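Across the two complexes that follow, chain A remains constant while its partner is chain B and subsequently chain C.
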Partner chain A sequence: MIVTAVLTAVVVWLLFYGTVATLPLGMICAAAGAGLAALGRHSHDGVLSIDIIAQRSRLCSVNPALKVCGCVGLLIFCVAADSVPVGVGLALAMLLLTVAAGGLPLHDYLALLALPAAFMLVSGLALLFSWEKSPVGVINLPLAGGWLSVTAAAQVRTLLVMAKALGAVSCLYLLSLSTPMTDIINVLRRARVPAVVVELMYLIYRYIFILLNMHRTMRDAAESRLGYDSYRQSLRTTGQIYGNLLALSFRKAGACFDAMESRCYDGEIRFLEQAKPLRPLHILTAAGLALLAAGLLFAGGRM
Partner chain B sequence: MREILRLEGLSYAYEEDRTALADLSVTLYGGQKVAVLGNNGAGKSTFFLCCNGVLSPASGEIVLEGKKLERKGPDRSLLRRSVGLVFQDPDSQIIAGTVEAEISFGPMNLRLQDEDVRRRVDQAIANMQLEDFRSRAPHYLSGGEKKRVSIADVLAMEPQLLLLDEPAASLDPANSRLLEQNLELLSRRGLGLVIATHDVDFAWRWAERILVFHRGRLQADADPESVFADEELLTRCGLEQPILYQVGILQGMKPLPRTVEDMRRREMKAAESV
Partner chain C sequence: MRTKSERRIFLASVTAAVALGTAATASAMHIMEGYLPVSHCLIWGVICLPFLVLGLMSIRRTVSDHRKSLLLLAMSGAFIFVISSLKIPSVTGSCSHMTGTGLAAILFGPFAVSILGIIVLLFQAILLAHGGLTSLGANTFSMAIAGPIVSFLLYQLGKKLNLNRKVNVFIAAALGDLFTYCVTSIQLAVAYPSATGGVMASAVKFLGVFAPTQLPLAVIEGILTVIIIMGMESYAKPELKEIGFIGEGI
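Moving on to the complex of A and B:
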């Protein structure tokens, strides 16, 4: 989280250097970095926590088809619109929805956003700098007989790319932080995705947790017998654990198949779906978001 | 009592020379509480898988409510819906992402109407006190809760006979007590219960009939008193007498006490009469 905060401060400074006066810019950068560092909290078990957050979200009861269509639609719009206001506006709207309406604490949201944000910021750095023969940029550092420069054009381009990426990631986050995997799979089934794909998704989702659990137990058992004492030893242990995991999964798959057979499994997996009806408020919110995105594009124009 | 399932001369072998069940004949009734005892590898699990139709026996006959069943086709599905099987490890049974969806898997396979499925799921959830977990993901539940889900899974198929493979293994005392209470309720409703267990104290306390398996053969099929009185049988099959049985013998009690409460009640009565 600290790394992301520092990166953010640096990238913001480079993005606006030359367009905003130095003193206010310095203050904005320091505030952005410090705010992120203070509000964001680091969490290690990313994948699992997203799944739990989705189940606890207050937006979990919203019709999943609406969420999937809305989020994917806005994501495509955000990428296609090529507009900084649309990207930033959507990112803010999604943050507001997930935090205020979904009930996710702000620092958890920022901590989850830190991972993709770190990637975006590093690529932002790469986009900002270019090697020039003469000092043409707003910032120029002498390097190898030329100049490492940040040009005004690069600033504009980077800002656009990062705004689009942030908006798109935020759209996906609203979906994944409010919709459990089973709901998403159900939507895919309704959208006539082939049955074999949907059934595989159900089983993979369930078995990820079983395999993770088995792996954790085996790793702890190996650890307790000093299996990771030296580098050589830990390589050997890891290999054995993966081999064992394969054998165990085969056995587990056999037992699972027997259990399914005993409940009259006939080659097709079907579950009862929880009814999550469309509500006027939710449709209005989705329409409002679409209008907001269109309005931002109209007012801000393309850049 | 109403006969539900009758096995006649049933045999099964996983490999040619390794017999798991040999010449098994047994009849199971509705509303009866049966414990199945026997050490590891005695054939208890194979017996269950044959009763439920997951395994097809090499020879012998299966008779369901007086009707002889064919090995394949609709008869096998009939057997699976009439005889429910709860596996020892809930994780090998649970496949769905939410408790409600999981319990609906069986009834959905019976091709029932949606309202009917919903009614059965609701009833199974109520029976196993899972109301609070309805839309939770099974992988975030505790062992005891998962066990209840795996029983509700099978109850939703409305079987007449319920087979449970070591249901109390890896449950804490509070959860085992809850399980026993739930089983008692089901039994009162006329469901036949067959439980494979290693816990002789539980078998003594709970069962009205005991089947003892050893090396794939049925060694005894009798009431608990006669089974635990047969010391030769117990030694041969690696079993022990229940604590309360031994205490009752030592105290010269007749009939022998089945539970601690039963014993306490009788001692109080004896103290009053003095």
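Moving on to the complex of A and C:
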């Protein structure tokens, strides 16, 4: 978390260097970094925290087809629009929806945003810097007979890419933080994704939890026997646990198959689906979001 | 030109960024949501299609022949997801994960992996926020198609050449991982070519910023894959035989 905060401050500095005066810029960077460090709480209370949040979300009862179509539609619009206002506006709207309507604490939301932030910030560095023969940039560093510089054009482009990515991730988060996997798979089944793939998805989703439980038991057993004592030892333990996990999981699959056969499995798996009807308020919200995105594009223009 | 103190502050910030960049990547090689332009998302998706169709046909055939293989495939998919979501011991102290591409390709063969891979990537995007829906095509190509095919071919080649098994598995897994990282960097570079140097200069930049995490990770991935396969060969022979009929692996 601290690492991400400092990296954020550095990238913000590079992004606006030259367009904003040094002192206010320094303050903005410090504020961005400190805000992230203070607000985002990095927790490892389970691999699948997103899944738990989705099950608990107040938006869980909204019709899943609406959520999938709406979020994916806005996501594609955000990527296609190529506009900073659309990206930032959608990111704010999604934050508001997930936190206020979905009931997710702001801390947790920011901590989740920090996950993809690592990729965004590191590749942002690659987009910002370029090697030039002459010092043409806003910032120039001598390197190997040329200049490692940040040009104004690169700043504009990086800002656009990051705003787009932020908006898109926020749209994805609204979906994944409010829709349990089973609902999403059901929507895919309705959308005529091949039956084999849908069945595989259901089973994989189910088995993920079985495997994570098995892994936790094995890891605890190894840990209590000093299995992670040195680096070398911990590598060996990890490898052995993974191997054992695969072997055990195949034995489990065999047992599952026998159980299914004895319950008349005929090559097709049917699941019970909870009815989640469309409500006018939800449709209006979706339409409002679409209008907001279109309005932002119209008002802010492409850049 | 800037003043001396400003330059010094800037240099310090760059040093910090480079040092931190090496520690900040949690499975950084998934291209994130919204990072690629729409046209690139579509093109990578279309490139994946033939491989996915081949994979689907191969899976359909095995499932209709042996119904039990559906469950084995599902377990394999869950296994790939789980090992790619768990932290592994790493040198830099950052969170790093196995990609599992090499292991999966060696065990299940490249065709089954393409379908399992796209499902796992979709799950990773939704459940772990690694990768994304629009970048699904590009990520599928680099992680579920290109990387596994290289691993699989190298593994088969090594078997033909009678290479030591440990060395062979290590090379296949580590190089498959490296190839994935190169393909991702090139995908990013094609999407965002450098203004003066073009695609190549940009590719070098992306390879550069991700190298500090990806190079050691490829070695660790190779070592872990060797330990996993050796472990399974010594005490899970029947399970390995079962995998044999899923794909063209082992």
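We take it that the second predicted complex is superposed on the first by the 282 of 303 C-alpha atoms of A that agree within 3 Å, B and C clash if a C-alpha of one lies under 4 Å from a C-alpha of the other, contacts with A are read in each partner's own complex, and residues count from 1 in each chain.
Assume contacts are C-beta pairs under 8 Å (C-beta built on N, C-alpha and C of every residue); 3 or more make two chains touch, one makes a residue touch a chain.
Source: prediction; values computed, not measured.
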Partner chain in contact with A:A222 - chain B first, chain C second, else both or neither: neither
Contacts of A:Q55 with chain B and chain C, given as first, second, both or neither: first
Touching partner for A:M94 - first (chain B), second (chain C), both, neither: neither
Partner chain in contact with A:I210 - chain B first, chain C second, else both or neither: both
Which of chain B and chain C A:V196 touches, first, second, both or neither: second
Partner chain in contact with A:C256 - chain B first, chain C second, else both or neither: both
Which superposed partner A:M181 touches (first chain B, second chain C, both, neither): both
Which superposed partner A:V86 touches (first chain B, second chain C, both, neither): neither
Touch count on chain A, higher of chain B and chain C: C
Chain B versus chain C as contact partner of A:F119, first or second or both or neither: second
Set intersection of chain A contacts, chain C complex versus chain B complex: 51, 181, 203, 205-206, 210, 252, 256, 260, 265
Touching residues on chain A, where the partner in the complex is chain B: 51-52, 55, 180-182, 185, 202-203, 205-206, 209-210, 213, 252, 255-256, 258-266, 269-274
Contact set on chain A toward chain C in their complex: 3-4, 6-7, 10-11, 13-14, 22, 47-48, 50-51, 72, 75-76, 78-80, 82, 87, 112, 115-116, 118-123, 125-127, 129-132, 139, 141, 151, 153-154, 157, 161, 164-169, 171-173, 175-176, 181, 184, 194, 196-197, 199-201, 203-208, 210-212, 215, 228, 231, 234-236, 238-240, 242-247, 249-254, 256-257, 260, 265, 267
Residue ranges of chain C touching chain A (in the complex, touch as defined): 2, 6, 10-11, 13-14, 16-17, 20-21, 23-26, 28, 30-38, 41, 56, 59-60, 63-64, 67-68, 70-79, 81-83, 85-86, 88-89, 91, 98, 107, 115-116, 119-120, 122-123, 125-130, 132-134, 188, 192, 194-197, 201-202, 205-206, 208-210, 220, 223-232, 235-236, 239, 242-243
Interfacial residue positions of chain B with respect to chain A in the complex: 49, 52-54, 77, 80-81, 84-85, 87, 89, 91-98, 100-102, 104-110, 114, 117-118, 121, 135-140, 153-154, 157
